[in-house]
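Here subunit A shows up in two complexes: once beside subunit B, once beside subunit C.
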Partner chain A sequence: MKKVLVIILLVIIGYFLANTFINIPFGENRIGDINAEKPTAAGYYLSNTKEKSKVANIITAIVVNYRGLDTLGEVTVLFLASTGIASVLYRRKEEEEETERLSLPSSTIIRSGARVLFPIIALLGIYVFIHGHLTPGGGFQGGTIVATGFLLMLISYKGFNTNHNRMTWIESLAGLTFIFLGIWGLIADNTFLGNIPEVGKLNSLLSGGLIPIIYIAVGFKVAVELTGILDILLKIKPKK
Partner chain B sequence: MQEEFNEIFLKYHDIISLGVYGTAIGLILIGLYAVLMKKNLVKIVIGLTIIDAGIHLLFIGIGYINGGTAPIFSPGYEDAAKRMVDPIPQALVLTAIVIGFAVTAVALSLVIRLYKHHHTAKIDQIKSLKW
Partner chain C sequence: MVITPIHYIVVPLIAAFAIPLLSKIHKELFRIVPGIVMFYNIIISFVLMKEVNEVGYISEIIAGWEAPWGINLMITPFSGFLASLISVLGFLIWLYQYRFKKVIDVDEIKSYGILQMMMITGAIGIIITGDIFNLFVFMEIVAITAVSLTSFYRGRDGAEAGFKYLLIGGFASALILLAILILYTQVGTLNMAEIAEKMHTIPLGIKSTILILFIVGFGIEAEMFPLNGWAPDAYSQAPGPTSAAFAGIVVKAGIYGLIRVIYTLFDIEGAFDFLIIAGLVTMIIAEFSAVKQKNLKRMLAYSSIGQMGLVLIAFGIGTKTAVFAALFLMFNHAIIKSLLFMTGSILMYNSKDKTISSIHGIAKNLPFVSIMFAIGAFAIVGLPPFSGFWSKLYVLTAAADKEMIMLIIAILGVSIVEIVYYFRVVNKLYFATDIEHLDIFKPSNNSLIAMGILTITIIVIGFYPDLITGYLHNAADILLDRSSYIDFVLKANVPIQ
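Right, the complex of A and B next:
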């Protein structure tokens, strides 16, 4: 009975969604002329990023520069999520000693493979967030890749422990770097998170002014926060 | 090569657009079904992430432009700005993925907490939710 009701509801929702999106033609150019007197927002970003920000990846320019304040909020949301998880799954000190990591006894192949793969995964992640302004990817993606490397180590080794003190330090320093560079932009460019793209030319590693530095800080912050979340979620109290 | 691709693309344009929108709406409906019908809390969280995936696909699909390239300048193609797809939905989806991750992680931690308290993850067995 419930199933029938749910399916009827889903059909109604699906009909109205399809009815809405059938009226939005797929692949139509909605940006308009990008060099017009008053371009659309997308047109402005497309035509001005190359000269004003000297960043090859326009998505990076939008995320870090034009909408930089939103990214600061996003990083804050991630920080709040990791804090929230830590407080929801809070353990007292005596409980902490009894917890152990939820992992099946992993075989020798997985453990040896993880040891070989971990540095390569970490290197790939660092490459992705250093080249965030040139290639697809950036701080969030690179940080996630680094965190997957840590996840591999956490599920293969029971004794692999992350240093919480050091992680908190890296996280705070990365967050402070973001805000400090924002204030630097405020001094140099009269806008919070304003950009100073005087150095370098398009498509070289040293270009884009403050954008790559902010994205590297974001990469470190995301990597550390995700590793912390995974570490907390993987720990359980053993059944007696 | 590029022209050939564009020709084939325009030939099957209707089918591709139906495929993109259909897949997106289908994913949203599958996720909603999981949220409404499943008893296990972990499966409900999986349903939420499927809804997320559908919404992201919808955003990217709306931002696409026929024959457009990724909004990234490559060496030698510095004047390609006219042929690029809309960058704003892509930046939005980048944000949405990160927020979706945070939401999923918090939801899973709440599930762990509920499981510890009630020793079950099935919502029909958690009596304190009923009134």
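Right, the complex of A and C next:
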């Protein structure tokens, strides 16, 4: 009986959602005239980013500058997720709960492969977040790539340990960099996260004012936090 | 330096990122720093409330992009009032828990401080933002911190409550995100004022789908029946100060989201009737469930859900008096329920199995805490001369103005149920003598001060409700004035210097 009710409810919800999505025209231009007097938000971004922000990658300008507060919020969500996981899964010291890494014995091929691949993966990640304002990708993507490199090392070497002290420093300093760059805008421009677009020239590595610096800080923060989460999740109680 | 709304977000964030480093310098800093931040929040609230009562609205644009294109923060008398309430409560909760868990590990309590502080910041962010996606981001911050705090005690029950909350909270976030997505395909903007302006262009079918998604999403955070399955578990498993924060702060943010969406974004009349029905069902079911509870914190949790039902009813009536009454109820619920959770968790600390029957006659050993619990209980059922009396009276007045006789009967009937279960506990605290209490845990002085401030507020507001009714009338007027909000954001969009 309960299952029947659930199915009926799901069908009703599905019908209304499907009805809504069918009515959204697909592939049409909904941005409108980008040079209109009062364009839509998307149109405004397309027509103004190049001149006003001096950033080649408009997505990056939206993520880091137009909607910078959202990005700061998302960085915070990740920070809190890693703090929360650490507090939930943390083992008390005085109860002498030992931990060890969950890992299966890995073969020589995986171990040597990981050793060769790790610097390349890390380099790619760093490239992605340094060039966030020029090419697709950015802080979140680059940071995730770096973290996958660490994941590879964590699962292939049982003795591979991350330095918690150093990670805390990087995490905190990267977060503080983001906020203090925002406060710089508050002091210089009277608006939080205000940009200084005059620096550098369009399409070069040095362009976009504070945007690339913020994205690099985000990259470091994401890489360290994801690595920290993986490190905590891979720890288990040793079998006795 | 000029104080602007962004300080509410930036200052706690600096503290949150810096606490891991600061605690390497001195071990006491991670307890003190959140308190300083909370105190600074109160200062911001005072300055902004003073300003907003003169000018009507404060809008701050972020990153220098004007309202429809960038993100703006809005302080209105309505949102400013809620933000101030949350700031003050946040500080009191910090004061209450200052010496909380003195003995456990540094690392653990460090993350507790960060999570608690960020939960309060997220709730303030939900309230002050003028952008619907930004609201979603802050909602995520609140959800993720609330889940971590729920399962802070890593027992079996804590893990279960946390996991339940994680699933339901994740579901709520997904629905709100879906609603925002559909909304964006229709109007091409995320600014709340511009959405409200363009709302009449959306076809009715799509509009109601979006509204339902929003109501379900926010309804989960606002503890609306039948979406509140997580609440009793989360309230009873979370640490005491966190339960107080759930009742005083997180629920307020959920209600705010619901009200902002229904009152400002949408122009559908039927939503108001829906609020009355949902509120009524929530109230009746929760209050009757509360009678059956043996665990004190679960009882308080059900009572909290019931009160939220009453708030929804008042918002659903929708007249100026009703909105005023709803805001007064939110204020009272925030201070009274926080006090009840604070005193209740000290009482519970002295019981063996967390049930009401194991704290019989404890008033002899804990006289101050018991009298404050009793005052809270009398205030929440609406006895004069405490503050709860006035808010309930105004709700009934508003219902009487619209001649909703059945509603009045239901509210009064449920009040009797409330009296039954609260008075039962108070009676047992004072007059049952079947248990001898040894090894009594006494609350520390700072906890007593925090609870004392709340108790005094309840009594003072009970005798002089005029102290806050002026602000509340102002807030109610502004909330109902949809077009001036839109005009202010879109046309006269100048940052306050």
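Everything below uses one rule, namely that the second predicted complex is superposed on the first by the 223 of 240 C-alpha atoms of A that agree within 3 Å, B and C clash if a C-alpha of one lies under 4 Å from a C-alpha of the other, contacts with A are read in each partner's own complex, and residues count from 1 in each chain.
Operating definition for what follows: a contact is a pair of C-beta atoms (placed from the backbone, for glycine too) under 8 Å apart; a residue touches a chain by one contact, two chains touch by 3 or more.
The structure presented is a predicted model; accordingly, all values stated were derived computationally and were not measured.
> Return first, second, both or neither, reflecting whether A:179 touches subunit B, subunit C, both chains, or no partner chain.
Only subunit C is touched by A:179; subunit B is not.
> Quick check on the superposed pair: does A:151 touch subunit B, subunit C, both, or neither? Answer first, second, both or neither.
In the superposed model, A:151 contacts neither subunit B nor subunit C.
> Return first, second, both or neither, reflecting whether A:110 touches subunit B, subunit C, both chains, or no partner chain.
Neither partner.
> Quick check for you: in the superposed arrangement, does A:168 touch first (subunit B), second (subunit C), both or neither?
Touch status of A:168: second partner only.
> Name the contact category of A:124: first (subunit B only), second (subunit C only), both, or neither.
It touches nothing on subunit B or subunit C.
> Pick one for A:195: touches subunit B only (first), subunit C only (second), both, or neither.
second
> Contact-wise, after the overlay, does A:88 reach subunit B, subunit C, both or neither (first, second, both, neither)?
It touches subunit B and subunit C both.
> Going by the contact rule set out at the top, does A:234 touch subunit B (first), subunit C (second), both, or neither?
neither
> Looking at the overlay, what does A:70 touch: subunit B (first), subunit C (second), both, or neither?
Both: A:70 reaches subunit B and subunit C.
> Taking the stated contact definition, name every residue in subunit A that is touched by subunit B in one complex and by subunit C in the other, in rising order.
17, 21, 24, 30-31, 41-42, 45, 67, 70, 74, 77, 80-81, 84-85, 88
> Quick one: in the complex, what on subunit A touches subunit C?
Residues 16-17, 19-21, 23-24, 30-32, 40-42, 44-45, 65-70, 72-74, 76-77, 79-81, 83-88, 90, 92-94, 168-169, 171-173, 175-176, 179, 182-183, 185-186, 189-195.
> Flag every residue of subunit B that touches subunit A in the complex, lowest number first.
Listed in rising order, the residues are 13, 16-17, 20-22, 24-25, 28-29, 32-33, 36-37, 58, 61-62, 64-66, 70-75, 78, 81-82, 84, 86-88, 90-91, 94-95, 97-99, 101-103, 105-106, 108-110, 112-113, 116.
> In their complex, what parts of subunit C are in touch with subunit A?
Answer in residue numbers: 6, 9-10, 13-14, 16-18, 20-21, 60-65, 68-71, 104-105, 107-108, 111-112, 114-115, 118, 125, 133-134, 137-138, 140-141, 144-145, 147-148, 151-152, 154, 162, 182, 185-186, 188-191, 203, 205-206, 209, 212, 495, 497.
> Given the complex with subunit B, which residues does subunit A contribute to the contact?
Contacts found on subunit A: 2-3, 6-7, 9-10, 13-14, 17-18, 21-22, 24-31, 34, 41-42, 45-47, 50, 56-59, 62-63, 67, 70-71, 74, 77-78, 80-82, 84-85, 88-89, 134-136, 138, 140, 202-203, 222, 226, 229, 232-233, 237.
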